[in-house]
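Structures follow.
The following pair of complexes shares a single chain, chain A, combined with chain B in the former and chain C in the latter.
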Partner chain A sequence: MNENLFTSFTSPTMMGLPIVTLIILFPSMLFPSPGRLINNRLTSIQQWLIQLTSKQMMLIHNHKGQTWTLMLMSLIMFIGSTNLLGLLPHSFTPTTQLSMNLGMAIPLWAGTVAMGLRTKTKASLAHFLPQGTPFPLIPMLVIIESISLLIQPMALAVRLTANITAGHLLIHLIGGATLALINISAITALITFIILTLLTVLEFAVALIQAYVFTLLVSLYLHDNT
Partner chain B sequence: MLSRLFFSAAAAAAPCLKNAALLGPGVLQATRIFHTGQPSLAPVPPLPEHGGKVRLGLIPEEFFQFLYPKTGATGRYVLDIGLVLYFLSKEIYVITAETFSAISTIGLLIYVVKKYGASIGEFADKLNEQKIAQLEEVKQASIKQIQDAIDMEKSQQALVHKRHYLFDVQRNNIAMALELTYWEWLHRGYKEVKNRLDYHISVQNMMRRKEQEHMINWVEKHVVQSISA
Partner chain C sequence: MASVVPLKEKKLMDVKLGELLSWIPMRDFTPKGIAGAFQRGYYRYYNKYVNVKKGGVAGISMVLAAYVLFNYCRCYKELKHERLCKYH
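Let's turn to the complex of A and B:
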């Protein structure tokens, strides 16, 4: 089954064919489109959730920023559903792959920066220098601010990858510890199992929070640049 | 249209087909069937009210009934438990670290569903009901508005029918006023004439009285004169 700890993070193949595309496309099947006025319960709840989230997240933007609503909403739905589905046993989470997270983070970040430089050049360049800095510090501060700007996409991608991967690894390790402790001392195994349960609750929360954080940060970058 | 072109081209190529070309498009159109078959999409058969019954949340009831005649009530359970134990004992399914994470995750999910499932379902139903209630309210308000307009129109029509009473009363009023004025004029004329005639009568009376007094005075004077002479 799993030879070492990291086999669950390899790109999944079935009989030699890569099915990772199918796995990435699968969560979209869980969101049926609301076709009628009165839908079934699943669609109604999803519709209500998306309305709540979009209102809460897009109110801070002006008209130009609100054109990004579709992008950000589909981002949070995708990351949230992929993370949650990855908690099921023997499943593969695409967001554990740095390649995919970089593929999500870099274009979005670059899009916000490019839009800011094109439409409001002076204002977006002004972000490099915080207000009220003493005069001699200015060159160093510009360098520091530009480094922090260039690190933003890396931080986005690596944050998501590391959080989800670390969570999955911890679940594996503690599950393995429970398995090993059962023969030695059942009570310690029970305590470890309780720790595993609490960790699973945490992982459910982390899955949703990471999606939220990713989307929130992209929207913040957008707010700076519109 | 293309069929017409085709047939005219064929008629140009072979003149014996020309008679056929005149009939061709009509035949082609006549063989096309419009709305004669049973439409497959409408009316849609009504969806069942509840989903199929399941036991243990996953296994449909039909599977249990399938084995019932041969094995009785416990047949399905024996098959399932036996299969699971077989997989475990032959290590077809290996107990790894993932087993425990599976137990904790799925246990958590079952717990949450059992505890909060009904309330979330009711919440979804409430959302839909709110939507319908909003639209229903708009519909009812519109109906009420139109009903009020109809009632007002009806009452105004009834008033229009009763309008002649008003006119009769007004007519009577005016007639009475006219008659009153006539009688007043009449009375005034009578009084004027009587005034004039009274004047003349009183003048005559006064003249007669004066003449009588004069005569009396003259008679007295002459009597006194005759007595005293």
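Let's turn to the complex of A and C:
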């Protein structure tokens, strides 16, 4: 029990060969590129969803921020599809690995900060001091604001990792508990099974919400800096 | 019986059983050839099940079922220990 709770999070190998790259590339097969004016149903549904999401997410930005649309849309598609595919039985979810989430969060956050420092240096440095702070508090507040700035990429990555990993672990544990309870008491097993169903519904929602939150926060950092 | 089309260009279903052993080495096993084979297979599936006027849920659910099966085969070694049996 102790060993196999976490084995589903190890890097996948098949006959000794690491296939984690193939698994990360798999969701791209589910998004065929639209070639025509009127596409097949799958492509039309995906097109409609992406248009809906991009309008909702990119309206708040000015022209300079809207150049990031492609990046943010592919980010939300990747995280959403990877999280949803991880809910299939026995599958490996790349977003449970902190390494990958750091690899997504740090460059995007650093890009927004660098862009802000380059184009609007004074305004982006002014973020460090909220308006109307009393004079004696200024040094401490600058330190606090800079710490909160530097912690943004860590928070992005750890939030995604922890949410998805915790959800998967809960499903494993409650599913195991249901199986173990069947022989002991059928009614308790039924209650646990209902809990498992509700949890799975929650996990579907969490998968999508986490993708949205990640992308929204990156877009917020972008908005601050353009 | 003499073949009208040269053996090299025949598709698998047109090759006679006796010619099979000499047909297989004639196929293109270079990386480009293997990539071409994957591409042909992908488009065969895509055009048959997804890229149709009234595609259904079958097109994508077959892909997901194959993905689940692939992952099951990948983890079989660890899953072997979780079977219901008296002695592990």
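By definition in this document, the second predicted complex is superposed on the first by the 223 of 226 C-alpha atoms of A that agree within 3 Å, B and C clash if a C-alpha of one lies under 4 Å from a C-alpha of the other, contacts with A are read in each partner's own complex, and residues count from 1 in each chain.
What we mean here is this: a residue touches a chain if its C-beta (ideal position, glycine included) is under 8 Å from a C-beta of that chain, and two chains touch if they have at least 3 such contacts.
Quick caveat: nothing in here was measured; it's all calculated off a predicted structure.
Using the contact criterion defined above for the overlaid structures, shared-chain residue A:Arg41 touches chain B and also reaches chain C.
Contacts of A:Ala123 after superposition on the shared chain: neither chain B nor chain C is touched.
Once the two complexes are laid over each other on the shared chain, residue contacts for A:Pro32 go to chain C alone; chain B is not touched. Between chain B and chain C, more residues of chain A are touched by B. In the overlay built on the shared chain, the residue A:Pro89 is in contact with chain B and with chain C. Note: residues 8, 41-42, 88-90 of chain A belong to the chain B contact set and to the chain C contact set alike, using the contact criterion stated above. In the complex of the two chains, the chain A residues touching chain C come out as 4, 7-8, 12, 14, 19, 26, 29-30, 32, 40-42, 85, 88-92. Across the complex, chain B meets chain A through its residues 94-102, 104-108, 120-121, 123-125, 127-128, 131-132, 135. By the touch rule above, chain A contacts chain B in their complex via residues 1-2, 8, 37-39, 41-42, 44-45, 48, 87-90, 171-179, 193, 196-197, 199-201, 204. Touching chain A in their complex are the following residues of chain C: 42, 46, 50-55, 59-60, 63-64, 67-68, 71-75, 78-79, 81-82.
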